[in-house]
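Dropping the structures in below, format is structure tokens.
Each of the next two complexes has chain A plus one other chain: chain B in the first, chain C in the second.
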Partner chain A sequence: MLDAGIFTQSFMIHAWIGGTIVAILSAFIGFFVVIRGSSFAAHALPQAGFAGGAGAVLLNINPLCGLAAFAVGGALLIGYLGDKERNDVITALTLVATLGAGALFLGLTNKYATGAYALLFGQIVGVSSDQVVATAFIGIVCLLCLAFLYRPLLLASVSREIAEARGVPVRLLEICFLVVVGLATAIIVPVVGALLCFSLLIGPNATSVYLTSSPGKAMALSLLISLVTVWISIVLAYISGWPIGFFVSMTGALLYACARAVHYFRVKNIRLKAGIIQC
Partner chain B sequence: MISPVKVKKGDAILSIENIRVQFNQRCVLNDVNVQVFPGEFIGLIGPNGAGKSTLFKVILGLLSPIQGSVRVLGRAAKSGDRLIGYVPQKLFLDPNIPLRARDLVALGLDGHRWGIPLPSKVRKKRVDEMLKAVDAYRFADSPVGQLSGGEQQRLLIAQALLTDPQLLLLDEPLSNLDIKSAYEVVNLVSRIGREKGIAVILVAHDMNPLLSVMDRVLYLAEGKAVMGRVEDVFRNDVLSGLYGYPVEVLHVNGRIMVVGGNNSGINGYPLECNCCKSEAAT
Partner chain C sequence: MIRFLNLLFAPGFFQNTQVMNALLLGGVVAAISGVVGVFVVIRGQSFVGHAIADFGGAGAAIAVLMGINTLWGFLGFGVLSAAVVELMGDRAREHDLATGIVLSVALGVESLFLYLDTHFTGQAGAPMMILFGSIFLIKPSTVSIVVALTAATTVIIITIYRPLLLCSIDPDLARTRGVPVRIVSLLFIVLLSFVVAEGSFIIGALLSTALLIGPAAAAIRITHKLGLAMLYSAVLGTLAVWIGIVLAYDSFLWPPVRRGWPVSFFVCALILLFYLLTRLREKLPGSGIMMVRRVT
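Our next item is the complex of A and B:
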């Protein structure tokens, strides 16, 4: 049940800090994932990270190292080999190749149950203090990179041709962005899990675009939605003892449905006022 | 702030000499010569695959010719040159992308710079002015993804003008527009070009919407180019020489049509079938 321990126990303090950093980071990264339409890559990279994490469990090293190595490696692979047309194929191949490796690593290790479960579905109450420091550090690095890339990345997302004409190194920019997504994935996966990392990256931004059309407001709204989603999920996971990933994805889906409903009625209202719908 | 570049009268803004561009042994542009002067409106006309987009890439410094020279205001073409404004064919955007008209235009001002844009009054004023100049101020706060093709085209033109270019390149801006919007865009570009003394090169399939505004035409076909006044280029002998097979230039109610073949050849097959668009307008 809900008690003061949710804020005072050290593993819960770690959970709050880790969850909050992850929520902030995924809101900003998700903004670009959504406007660039790179959802598939954002789905593949956490799975690559999962394989790396599983490998690290097998070799008995820090899972974060394995996660980061594989997610960034996957990002480089997709970035270098994928071009405009064949991006999907390369992303899919990266996804299945790393998942296959993950399956092998899990098969070889005898810590199957706990290790795999935490990596796939998240284990926020298992965040150690070292991990909180590492999460904060990587989170800040990713946010700074994203701030640096912001304008050219927005321009290249809107029109690759204009960006090229303006002398923006578009391809390098795209690879850098994927690497940042990969790095971010490495800290998001331990918290919400590889399978559900995607819901935190996509959910808040997919929701906010139905409520505002200003990029600044959309990002602020995504940040709010992301934070609320994670905080609610931490509380519910603490009370119920169920996996946090379940609550993150359910809250995300629910908020998305609400935003769609608001959007639907707003558009209908505008049309009714304009007399477009004639009854 | 970008300092305006002084242009001496009579100096060419763009000077392309004897360029040759090749992709895997296939010659895309061969011995092309182009000179464009300040304030000129050039229609770049030609069938699909004639090398129009390639020529733009060369001017933008994104593609190097294997021979010949390309100079923009006397300097070798290089990518990212602020003296050139570029307008792509169209935007491929999700209708729900969180981007307003003014955000798109603002990217023209500093979208190539690293970092986050800081809100500033000067920046907003410049963007507002440009939105007014292209008659887009009334939908400044609308989501870009929900605007019409003609409205998006105005924004693309506005973003290209924000670096104070001397040369504006428009890559088929009319191809996705209805006839009325196409004429509006042509008149807008022509007016702004004349007011600011900007040279314009506009790529089009159909030369008819440009007939009243263009100073000269640059016709590309089979990798070769002819440049001159409309009446000097749209002639049977000139275009037949360019295509390397007989083509006929037809004048119909003040409009021009280029058709392939002569009476004995592939009879009356239109090379530029967009003409029916402008005929429907009357």
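Our next item is the complex of A and C:
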């Protein structure tokens, strides 16, 4: 049922390379997003990026520049305005501020903004060869930043107090992390779309958290899940012609539901065994 | 004076029934959003509020495909998803993830149906309409439905005002007093989804959060009395929508494309401006709030 074109056509090769890079990157970033409980920021930044992409389409420049500028700008705004207790309000305000600008850009674009809608829903054919190079470059930069931040960020995510007591600049660290997320979304958005970027970021990690408790194993598992999700989605999107974001979210949610079911039965089993021993 | 007014309100502003409908609807919805928004902010449910709007967007996309009023799509999916999120996660952290996963399913469905809309109904503007709103295109028959819905929401809010306030501020105290916290939360989230659906209907699924959170966040920074904060928040929201409509009407002659700037943009920009002004006011030395903060 599959024709060979799925592996040989040049735009599909770009899609495979771009998708794989994006899957690897989002698995690692998603790990921190999940343990820090910052799903909302992970949802807001891609949409901020989308507004920038729409602006780039209006000005007729490379969408990647607009995406990166707005996503990183949004991250800095959340970091700058955010205080500890009302972070979600700040995130919501940043989201609507950038999206309001996005509405303006879309409204001002004279032609039907196909490019902008591709950014919203994702398009596998949308990755050009230049973009593959840019994606690989930004991906590697993000991974290096993450490796550099890894230990202090893990500490600050698990216990803010201990990190502060040890003299880790927690706030600066948080802003740096948000900037890395912003930069990463700039390359994830063209592949899976602004609306669903978020589901690739949290889906695999939310799933692996239910299956294992050690951080190393969880990361490896979510890397695997993320790759499988993206690959399946690329194949399905190629066959059906539907937006790839739909398949990413459905695969992610299905795996999450399975993991929760497995977790539920495991806990039930343990309880049963404990009950028998007590008797 | 008349020349100035003419400059402010472009000719034909007050004769246009669509503009009048927009003013009425915008005012009503902004006011109720402002009141409910204060509860949302003190309960820390901004993410849920935003998520409900996106679920509603999926419903609206399906409604366009089926050729029915998008308001029903927003409402149906909004209420359904709100109940699911409320029942799925109990603890705060799980709540975040549960909301996230359900949200990503909704967004997936939304993007699929928006894609199908543009391909099968020939309405290329459907995504723009659902995601970014179309306050001037609302049918007069829908106006009365929205007003009735808002009235019902207001009545329920007034009825459960005291227990809801107690649950929002201190759930443990409410539980010891015998308030059914679970039921009140469930009821509140259903009301929230009504309000969000109306907001999405007028300024778009992606931007309804602006009406919900923006004025409330600003109002809470102005006063610490919650009742007063709700009043301020309703006033700020209404002002933002009305000024936004006036500006959007004026902007039909603005460059670069002479067909008007989107209302949603003006509303978002004004709300952000209000919020930043309240923050600025707090930073000024000698401002009342600063002193109150120091005393407490």
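By definition in this document, the second predicted complex is superposed on the first by the 271 of 279 C-alpha atoms of A that agree within 3 Å, B and C clash if a C-alpha of one lies under 4 Å from a C-alpha of the other, contacts with A are read in each partner's own complex, and residues count from 1 in each chain.
We adopt the following convention: a contact is a pair of C-beta atoms (placed from the backbone, for glycine too) under 8 Å apart; a residue touches a chain by one contact, two chains touch by 3 or more.
Here the structure is a predicted model, which is why all the values come from computation and not from measurement.
**Q** When the two structures are laid over each other on chain A, do chain B and chain C clash or fit?
**A** Taken together on chain A, chain C would fit alongside chain B, as the superposition shows.
**Q** Touch check for A:Thr212: first (chain B), second (chain C), both, or neither?
**A** Only chain B is touched by A:Thr212; chain C is not.
**Q** Quick check on the superposed pair: does A:Ala97 touch chain B, chain C, both, or neither? Answer first, second, both or neither.
**A** The answer is second: A:Ala97 touches chain C but not chain B.
**Q** Of the two partners chain B and chain C, indicate the one touching more residues belonging to chain A.
**A** It is C that touches the greater number of chain A residues.
**Q** Return first, second, both or neither, reflecting whether A:Phe121 touches chain B, chain C, both chains, or no partner chain.
**A** A:Phe121 contacts chain C only, not chain B.
**Q** Scan A:Ile202 for contacts with chain B and chain C and give back first, second, both or neither.
**A** second
**Q** Pick one for A:Ala220: touches chain B only (first), chain C only (second), both, or neither.
**A** neither
**Q** What is the contact status of A:Tyr150 with respect to chain B (first) and chain C (second): first, second, both, or neither?
**A** Only chain B; A:Tyr150 stays clear of chain C.
**Q** Quick check on the superposed pair: does A:Glu161 touch chain B, chain C, both, or neither? Answer first, second, both or neither.
**A** Once the two structures are laid over each other on A, A:Glu161 reaches chain B alone.
**Q** Once both structures sit on top of one another, what is the angle chain B-chain A-chain C taken between CA centres, to the nearest 10 degrees?
**A** The vertex angle at chain A equals 90 degrees.
**Q** Is A:Gly37 contacted by the first partner chain B, the second partner chain C, both or neither?
**A** After superposition on chain A, A:Gly37 lies in contact with both partners, chain B and chain C.
**Q** Working from the superposed arrangement, determine the closest approach of chain B to chain C, counting only CA atoms, in whole Å.
**A** 5
**Q** Mind sorting out which residues of chain A both chain B and chain C touch, each in its own complex?
**A** Overlap of chain B and chain C footprints on chain A: residues 37.
**Q** So in the complex, which bits of chain A are touching chain C?
**A** Its residues touching chain C are 34, 37, 39-40, 43, 47, 81, 86, 88-89, 91-93, 95-97, 99-101, 103-104, 106-108, 110, 112, 117, 120-122, 193, 195-196, 198-199, 202-203, 206, 242-243, 245-250, 252-253, 256.
**Q** Which residues, counting only chain B, touch chain A once they are in their complex?
**A** Listed in rising order, the residues are 60, 62, 78-81, 84, 86, 88, 91, 93-94, 96-100, 103-104, 107-108, 110-117, 141-144, 156, 159-160, 171.
**Q** Can you tell me which positions in chain A touch chain B when the two form their complex?
**A** Residues of chain A touching chain B: 31, 35, 37, 147-152, 154-155, 158-159, 161-168, 208-210, 212-215, 217-218.
**Q** For the complex, which residues does chain C have touching chain A?
**A** Residues 41, 44, 46-47, 49-50, 54, 92-93, 96-97, 99-101, 103-105, 107-112, 114-115, 118, 124, 127-128, 131-132, 204, 206-207, 209-210, 213-214, 217, 256-257, 260-262, 264-265, 267-269, 271-272, 275, 279.
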